[in-house]
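You will see two complexes here that share subunit A, one where it goes with subunit B and one where it goes with subunit C.
After this line comes the complex of A and B, so read on.
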């Protein structure tokens, strides 16, 4: 059986400052994400949650082990194939706003589709529709500098969804938002997973948000343990 | 073109900053390069035209008879007598080439464009034979139209007799080119025949059609004569060699300027990659391959380079075509070096040379930018999280 994402014996260490003993971050991590399931990874700051998410998305490489995406070992993919995988199959959402400052909200949302070669006439209605669904119909032509934190985060969500990805990887998506905005973003994300047969892997400190997910994984002492199993 | 590449290139070009600066600098480099090419080529062409029309023709046949002039290459031939003499006024002396020309010599349309002549009022004409000297020589000798000068002919045969003759200045000309004006004076053909008796003083000037002017050596070889056949390049070898060296030096300097400008463009490309590193990392995060990132950066930088070159070309043509008034103004300031240039010349655009310089710049810039853009490979999405 293949899973959207499967981690096999993942270890990650960084060179230490003194150059002697490597700094171990992740040790022998194994887990798989199922379709139509939301999973939250929780843990204290500095335990390697974001590193684990970056490894899942092929942004960082593990020191040992392999990441399988729908059964394919992503370490064996060329840079071009890896780019294509990130573009078509994965949607990224991060805590810090990661929008292109010179592009409007609408253009930011269209970028992943345009990278695929889809024309503006083809992807603009989809991007507009996504922004409308996220309550940004009157903010489409605004630049990131003209948007609030919550609005930027919703633009990032729309951008993550434009190519209809199988997996959404979200790193503290509500970390920089006030309670009201955070709740709205949480609702949207969970609704997207349920409605679209997608997989959500979420890194968060927000326990309320984590509890709303199907599974909770705790990263502690470099290893991962399951706190709440999927029904 | 990929829609993202197009959009990002456009955004980058429209963003004010380094690229605008790059465009302005390229335009500022290109404008003087183009102006210098127009100036040098027009100046050389005009000087050659003066030499050919006024002084020597393209080919000179010195001798009493000749055969096999290939008529299909020839615009016209002209008879003249040539020798050397010293000219005296009451206070000064000038060493001159005396050229005997037939009536109507100065009326030939192409020649008339190259020379301006003030002739004597017939009421002031004396019985002496006339000589037409340049305004430069007139100034040097301190004489005016109607004044008398003495001429000491340098004998061109072993039997010649050195004796002075008195002439009246019946015309003062100016070609606008000092090298000719300093050395040439005209007398009647029939009078020159008496002064210079040797066969080699009898010159047939051959003016070649413009489309065959690069085939002088070949045309020259077909002519048979009992005398000597030379071309204007041999006769004025120092001038001709100066032209060649000047043109090569100018082209070399231009090429160096172009290469420096291209490397500046490459350094701008480097800076742009650094400035845009966040956007590059972000676009890679959402799936843009490195080739797409490089392509968009290349298109924006190269578009700006081409725009700068086009603006520079237009500016350069504007400056190059209007250099004459500047030279006239400078000549009025008695700047010595201008003696060796034509103050008034027909500006022509050397499209071939300009195209060569622009093409070189485009190719060198493109290569330098492509090499610089290899740095985008080092920018990974992880830069967004780690900063390196």
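After this line comes the complex of A and C, so read on.
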């Protein structure tokens, strides 16, 4: 059986400041994400949650182990194939939203589709529709500097969804938001997973948000344990 | 199309810091291009002016001595513009009032010579009077000439008992002249051909030729017509000066090369700065699924857009300055109180080939440096770049 994402014996270490003993972050991590399921990774700051998420999405490389995406080892993919995978199959939502400051909200949302080679006329209605769904119909032509934190994060969600990815990876998507905005973003993300055949893996410190997910994984002492299993 | 759009957005960024980076790079390139155009064209202009003066005042395009050919015989050759009779012989000029003397050569022209288009303007005053001689200001000064002086000229001519004997004759100074060639002014007194012939007879009379096409081909054609004639081109006649001008041109290119080197270093640093300031965007694009090649294309296009704008500004201001050199020199003169270059001395010239070579070279460098600079963006993992730059 293949899973959207499967991690096999993942280890990650960074060179230490003294250059002798490497700093171990992740040790022998194994887990798999099922389709149509939301999973939250929780843990203390600095335990490697974001690193684990980035490894899942091919933004960082593990020191050991392999990441299988629908059964394919992504470490063996060429730059072109890896880029295609990131573009078509994975939607990233970064903690700091990472919007392009030189582009409007609408243009930011269209970027992944245009990278794919789709024409602006083709992807513009989709992007507009996504932004409308996220309550940003009157902010489409605003630049990120003109948007609030919550609005930026919603634009980032729309950008992650434009190519209709199989997997959404979200790194503390509500970390920089107030309670009201955070709740709104949580609702949208969970709704997106439920409404389509998608998989959500998120890193959060927000226990309420984590509890609303199908599974909770705790990263502690460099290893992953399951706190709440899916039904 | 998407890549070009992103490149344009990056080049004309909404972010003030990024926009300033682009503007400074643009201005740097513009200043470099402007300076190169200005220096190259002024030096070209000075050289061609010097050569033109040399060819008109000193030596024509071709000089023919000892020929039986008449001017009208030579004018039949294709590519000949005008033929003038002229004469030249060494003399000693003596100011009897101040007891000063100067050895010089006396040059005689038909008065129509000074109205010829390539000669007109090369003398500061109309130098030929109907009778007498015309002194250059330099020679007049050497002879302590204060007006109303008595002059004698001494020259050699065939004698009755000896082959050559010195002959002295009093003569009037009837005009002054000046030319752009200092050496000419220091060594030459002018007179009309009629006056010359009345004093020295038909000796040392040659033909001065102005050409409208290849000097060397015409010189050969004249030699073919009269194998006994002594045919000298302006390059041969001014061999030493021409050699110096060629050397000067070589040195000019050395200076320009150094200048180009400075532009290269600045361009390299600028493109590096440009890419460094966009590292995070590069990593973001990779995270969103952009291939390395596409990101490199975006950065290269961005660099080229900035280069082209900088070049356009530099070219525009450079050409404007060249076309308004008179006003600029006058303004500098008024402000500084020093007229180092008279506007008539500089006729800046820059060929299309030179402009194209400079612009293409800068564009090529911009391309190479941006292309090479992209390596840094791809060297690290995506998140390393994002975290490094964010920190």
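Please note the rule applied: the second predicted complex is superposed on the first by the 231 of 231 C-alpha atoms of A that agree within 3 Å, B and C clash if a C-alpha of one lies under 4 Å from a C-alpha of the other, contacts with A are read in each partner's own complex, and residues count from 1 in each chain.
Here, a contact is a pair of C-beta atoms (placed from the backbone, for glycine too) under 8 Å apart; a residue touches a chain by one contact, two chains touch by 3 or more.
All figures in this text were calculated on a predicted structure; none of them were measured in a lab.
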Is this a clash or a fit when subunit B and subunit C both end up on subunit A?
-> clash
Have a look at where A:77 lands relative to subunit B and subunit C in the superposition and call it first, second, both or neither.
-> neither
Is A:68 in contact with subunit B, with subunit C, with both, or with neither (first, second, both, neither)?
-> neither
Counting only touches as set out at the top, which of subunit B and subunit C does A:190 meet: first, second, both, neither?
-> neither
Identify the partner contact of A:143: answer first if only subunit B is touched, second if only subunit C is, both if each is, neither if none is.
-> second
Answer with first, second, both or neither: which of subunit B and subunit C does A:100 touch in the superposed model?
-> both
Find the residues of subunit A that appear in the contact set with subunit B and again in the contact set with subunit C.
-> 54, 59-60, 79-80, 83-88, 92, 94, 98, 100-103, 111-112, 114-117, 159
Across the complex, what residues on subunit B touch subunit A?
-> 2-4, 7, 11-12, 15, 279, 282-292, 380-382, 384-385
Which bits of subunit A are touching subunit C when the two form their complex?
-> 51, 54, 57, 59-61, 79-80, 83-88, 92, 94, 96, 98, 100-103, 111-112, 114-117, 143, 145, 159, 163
Okay, in this complex, where on subunit C does subunit A touch?
-> 2, 9-10, 13-15, 18, 280-281, 284-292, 294, 381-384, 386, 390
Residues of subunit A defined as touching subunit B within the complex = 50, 54, 59-60, 79-80, 83-88, 92, 94, 98-103, 107, 111-112, 114-120, 159
